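Inspection log for the structure reproduced underneath, given as structure tokens.
Order of writing sets the labels: A, B, C and D. Residues in every chain begin at 1.
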Amino acid sequence: MGKDIRTAILGASGYTGAELLRLLNAHPSFAIAALTAETQAGKEMAEVYPHLAPRRLPKLVKHTEVDFSKIDLVFCCLPHGTTQEIIAGLPKNVRIVDLSADFRLHDIAAYKEWYGHEHRAGALQKDAVYGLTEHYRERIKSARLVANPGCYPTSILLPLLPLLKGAYLDLSPIVVNSLSGISGAGRKVAQEYLFTELDGGVSAYGIGRHRHLAEIEQEVSKVTSRYSLNPVPHCPVSFTPHLVPITRGMLSTIHVRLNDFEADTAANLVRMAYKDEPFMTVLEKGSASTHQVRGTNRCIMSFHPGRQSQELIIVSVIDNLVKGASGQALQNANLMFGLPETTNLEATAIFP
Amino acid sequence: MGKDIRTAILGASGYTGAELLRLLNAHPSFAIAALTAETQAGKEMAEVYPHLAPRRLPKLVKHTEVDFSKIDLVFCCLPHGTTQEIIAGLPKNVRIVDLSADFRLHDIAAYKEWYGHEHRAGALQKDAVYGLTEHYRERIKSARLVANPGCYPTSILLPLLPLLKGAYLDLSPIVVNSLSGISGAGRKVAQEYLFTELDGGVSAYGIGRHRHLAEIEQEVSKVTSRYSLNPVPHCPVSFTPHLVPITRGMLSTIHVRLNDFEADTAANLVRMAYKDEPFMTVLEKGSASTHQVRGTNRCIMSFHPGRQSQELIIVSVIDNLVKGASGQALQNANLMFGLPETTNLEATAIFP
Amino acid sequence: MGKDIRTAILGASGYTGAELLRLLNAHPSFAIAALTAETQAGKEMAEVYPHLAPRRLPKLVKHTEVDFSKIDLVFCCLPHGTTQEIIAGLPKNVRIVDLSADFRLHDIAAYKEWYGHEHRAGALQKDAVYGLTEHYRERIKSARLVANPGCYPTSILLPLLPLLKGAYLDLSPIVVNSLSGISGAGRKVAQEYLFTELDGGVSAYGIGRHRHLAEIEQEVSKVTSRYSLNPVPHCPVSFTPHLVPITRGMLSTIHVRLNDFEADTAANLVRMAYKDEPFMTVLEKGSASTHQVRGTNRCIMSFHPGRQSQELIIVSVIDNLVKGASGQALQNANLMFGLPETTNLEATAIFP
Amino acid sequence: MGKDIRTAILGASGYTGAELLRLLNAHPSFAIAALTAETQAGKEMAEVYPHLAPRRLPKLVKHTEVDFSKIDLVFCCLPHGTTQEIIAGLPKNVRIVDLSADFRLHDIAAYKEWYGHEHRAGALQKDAVYGLTEHYRERIKSARLVANPGCYPTSILLPLLPLLKGAYLDLSPIVVNSLSGISGAGRKVAQEYLFTELDGGVSAYGIGRHRHLAEIEQEVSKVTSRYSLNPVPHCPVSFTPHLVPITRGMLSTIHVRLNDFEADTAANLVRMAYKDEPFMTVLEKGSASTHQVRGTNRCIMSFHPGRQSQELIIVSVIDNLVKGASGQALQNANLMFGLPETTNLEATAIFP
């Protein structure tokens, strides 16, 4: 099998770009044909990321320098808001996995509400498929544009959707607290992300208004509006993200109330729902820890009875840079090009 | 003012003992008269804790070697379950602040349920005052035995109690997620607390069954049983603790539903309740971070509206070794001996 | 004792400024009269450093807004190179401790060589006293301008100078490797200081050309030129600094060759030299660790025989923000104003 | 290519065992036939290492339960001192890579001196090949027993040996300071390796007497005795190891004096010596950082001129668990079985 699918990474100077390069190492089909960056254009990747020095990689160029007629696949790793015109301008032959938030919301009014400006490629929005692989696999296979989910939504929706689809939950508030490694902020140079400002401490942020809530609401409401007597989309999710001083890893603790089920039953229902999934694990015992998924595309979940009856606490972990970003992007690209979904995604977690 | 109150620390080889010694440095009234340890008896503190080498401190001895007739105050830093007979055996002249869990639960049946064995000093239990200073100050002043609260309950009860006492909360589940620094586990030598097992990862533990829930239920139920039509004590608290790779610091994120109030109003109510308290801060803006309290006896709280109406998210931070243990113990001891409550507790947080 | 010495901190928005405020908390004599910053002028300290919120502090103003005729003491915490004109412009009544490198080098030619531009206040340079307290105490007492040493030179010169002064060392290369916590870089917002770039890794930097070597060479040569047959100043120090992912702390490992002495003898010589010093400790056994000095003004040293005969390895630790910066600055200011040198500098190390 | 080489890992419950399992994932030739442990025998690997749960692996058994007649290759990951009789008892058909120190020293008198007891399999010692692959490749190919080098010696000898072999160094003291991640201590449960004891601090240990010095002396002396007029083996290496709070990674800073060469020339000489080596990199610019090698089998070196003439500072980095242990073991095993040396060892470093 030759490396015959010509692949470009736009925004390769960010962490998700670098992580894609790590995951694409020795990929049997995707050949790196172009890497773009704006302020760093002209540099070798080894200057921008010394850990990539042993790899032979194209130099960083501006995206306007790429001949996209010779590109089959684009991974778009640009910052939110900068992606829309660029993707709209790509020729039809190019298939795209977009890691930004720009095409995740089907409703451009919701986009405007959460992101504060009109969507600049609204016509494309309706064709974009939300790339939560386990729930949109068939549509992803034939999609031209996949909107890769956010890291928080990935860790939260994966355990919740099977329970919601089965109508197993009392829709009293679903209370989600998530802990994120700092790489979730990308390589953004800002005081709040300095080592000295984060080392040895924890904090919450974006309480009640983190933009990832928009995706969560969209996906949850799609399900709840189907089985609700009330046709109004309904999403009673409370979401509080936290920053913890680790580089990689995301843990979501999800508090729900079950409709006449026990926690064990809920675990079994989710286990059954995901029984053929290569990257989903529901633990038989113990509690999920981010160490179990570091460097992998896996989502591991554990289900725990609460102190109150019918109370269920779910712990869900991913590597925010892999299943929460670049790994899921590769999983989707594998599907789009008819390759085994797990290609280059079966590494063992790196521990300790 | 002379150092005239003869003070012993039992279990001085643990982290709370060491932290008490840090806080007692140059205390104007409490003189260290004895330090005890069991396996480490006979050693100098400088061997057990090299950072204490510059201090002139008594050698560690077994507690049976101490002449308690010459001791006025005992800080008891022994592990849970080992404290009861020892405290029961102390002469009446000695006043005690116990940092273990042994005397926190008034109900010895509850003690047995949570700790798995009969209480061995049940007669003392009823005299013990729960040492959450801001809520039991007057009783603490005259107590012989103060049961210093756990770190999690301290961080959770301080913001919740004023809201519960004012009946401002809808008693739908109160969902608490707490993040704890590793020093909360003490100096226990176990595989799960190795650097390599914790660095770079996060996990939840004790879900739905952490023993600190017993204290939380006791204190919450005292309040809710007063204003409930239903005389049955009621505590709808769901509590999930997490370990995060920091040494010191505890952050609790508390999700509640307000009775027709806004988050700002709730913040004001708690601010008013604590307006004369030296160690309580309700932020005017921003979100509480553990960095703001490291090394201090302070509890800092921030109040945030949720996405749903009447939803309130509270963030509460303490240093688990100070306000969550040794600092609150000293605050209580200061009160018990008629000293200014803030004596030796007014350091600025250590940041960065 | 009243707070009668009116104190200004210039550049209070950096870490050394914040650390000075921590150390000055409840200082019996130094009253904070002004705090300056440039881009952050107009803000409350609580905005810039939330951990200082509980303190009542003046608002940040530009240094041009301060009436220096009403100031007795200035701590100058400005970046290197920005300090010279400002200090030259202060009225004569003001005494100054400068934490920058601007006045550390007596020789303005050496300054130009290392810093790349002409000194802009050369006339003052010769009056400045190098503020390594233990070696310049008498001159500091009467100095108007004290040039507070760099963190690396402090940790290196303190163990070396007594050995050099006694001519106990063979002047074959003295090989120094130092490990620094990240706060040594200040609050500088740059990619290389992001959490994600530093967490979980170590590196060396500035090899053979770190500017602190200029100070080391100056101070070592002063001694070696005295006892050398060769009157040429001589400093055979090789210095390699490293960044380690801790926030505070500095450890220097110094490899020297002794003139017919054993390591134990060398330890005793240094111990004797510092026997009356409040902040110098030579360990009797064990190896110095940064944990032993965190938050304190102490320098702890340990002396170890090497594998080869006459080989001595010295380990020296300080808290880079305290003895390596703000603590030594306060120690010097205490001396300059006739106060006990240890005032507000006797805290116990914060561990764990 | 089938998985036809039956492989056992003895001591699979330690970190080097777990790391071997990570590296052997999907190896085309080595099939895991047996995993042994002593106190943990009877457990599934998923209990001992939850991150390995997704893998289908044999249960842990005692080594006495393994039928070694059906084993082709043994990786021996047992603690130092426990390996000798076990390896001596293996049947002749089994080829062995031993990750302990037990067979690294050719001279059993030196073994006794450093390890404090008689060697218990002295006859085997002389057949063991020191597994520093780049310097013993041909002998490793045909060896029955390879003694895999220690992590410190690997990081130190790789840059030093080409310079020593070329007689480019003045044999004045070679001063080595190394920084090690905590995983170098294995999964040993001891107070000194607790998170709380290591987080936020650094220290030196084993100064002048770390056992890895024995290996360094052996390998250096082999070279220096060849070109010395003095036939006495000579190794003027001073070695000071340090613990830094990272989990993986090792950095050695090596100070040498060149014989009439410049640092650049030395870099070129080493670059030429390793020009065909798949895992050796001499940087063209910049300084080697452990982040560049995390998770990989690579050794990256950078060469820097010192402040004094002819002074050279070398920085050398490896992942202590990969090139410093399990990766080099796999590299050696690949060679022993005629496989491409790089099989399963070409992953990109994991950063951030």
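By definition in this document, a contact is a pair of C-beta atoms (placed from the backbone, for glycine too) under 8 Å apart; a residue touches a chain by one contact, two chains touch by 3 or more.
None of these values were measured; they are calculated from a predicted model.
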Common contacts of chain A and chain D, by label, are B, C
When I count C-beta pairs in contact, which pair ends up with more: A-B or B-C? A-B
Farthest chain from chain C, going by mean C-alpha coordinates, please. A
Averaged-CA centre spacing for the pair chain C and chain A, given as whole angstrom: 46
Length of the line joining the C-alpha centres of chain A and chain B, rounded to whole Å: 39
Just the number, please: Cα centre separation of chain B and chain C in whole Å. 37
If a residue has to touch 2 or more other chains to count, which residues of chain D qualify? 15, 183, 196-197, 199-200, 245-248, 289, 291, 294, 352
Chain contact graph, described as a line, ring, star, complete graph or other shape: complete
In the complex formed with chain B, which residues of chain D make contact? 15, 182-183, 185, 187, 189-191, 193-200, 245-247
Sites on chain C touched by chain B in the complex: 15, 18, 21-22, 25-26, 49-55, 183, 199-200, 247-248, 281, 283, 286, 289, 291-295, 298, 321, 346-352
Interface with chain D, chain C side, in the complex: residues 172-173, 175, 177, 179, 196-197, 199-205, 207-209, 213, 236-240, 242, 244-249, 251, 253, 255, 257, 287-291, 294, 304-308, 311, 313, 315, 352
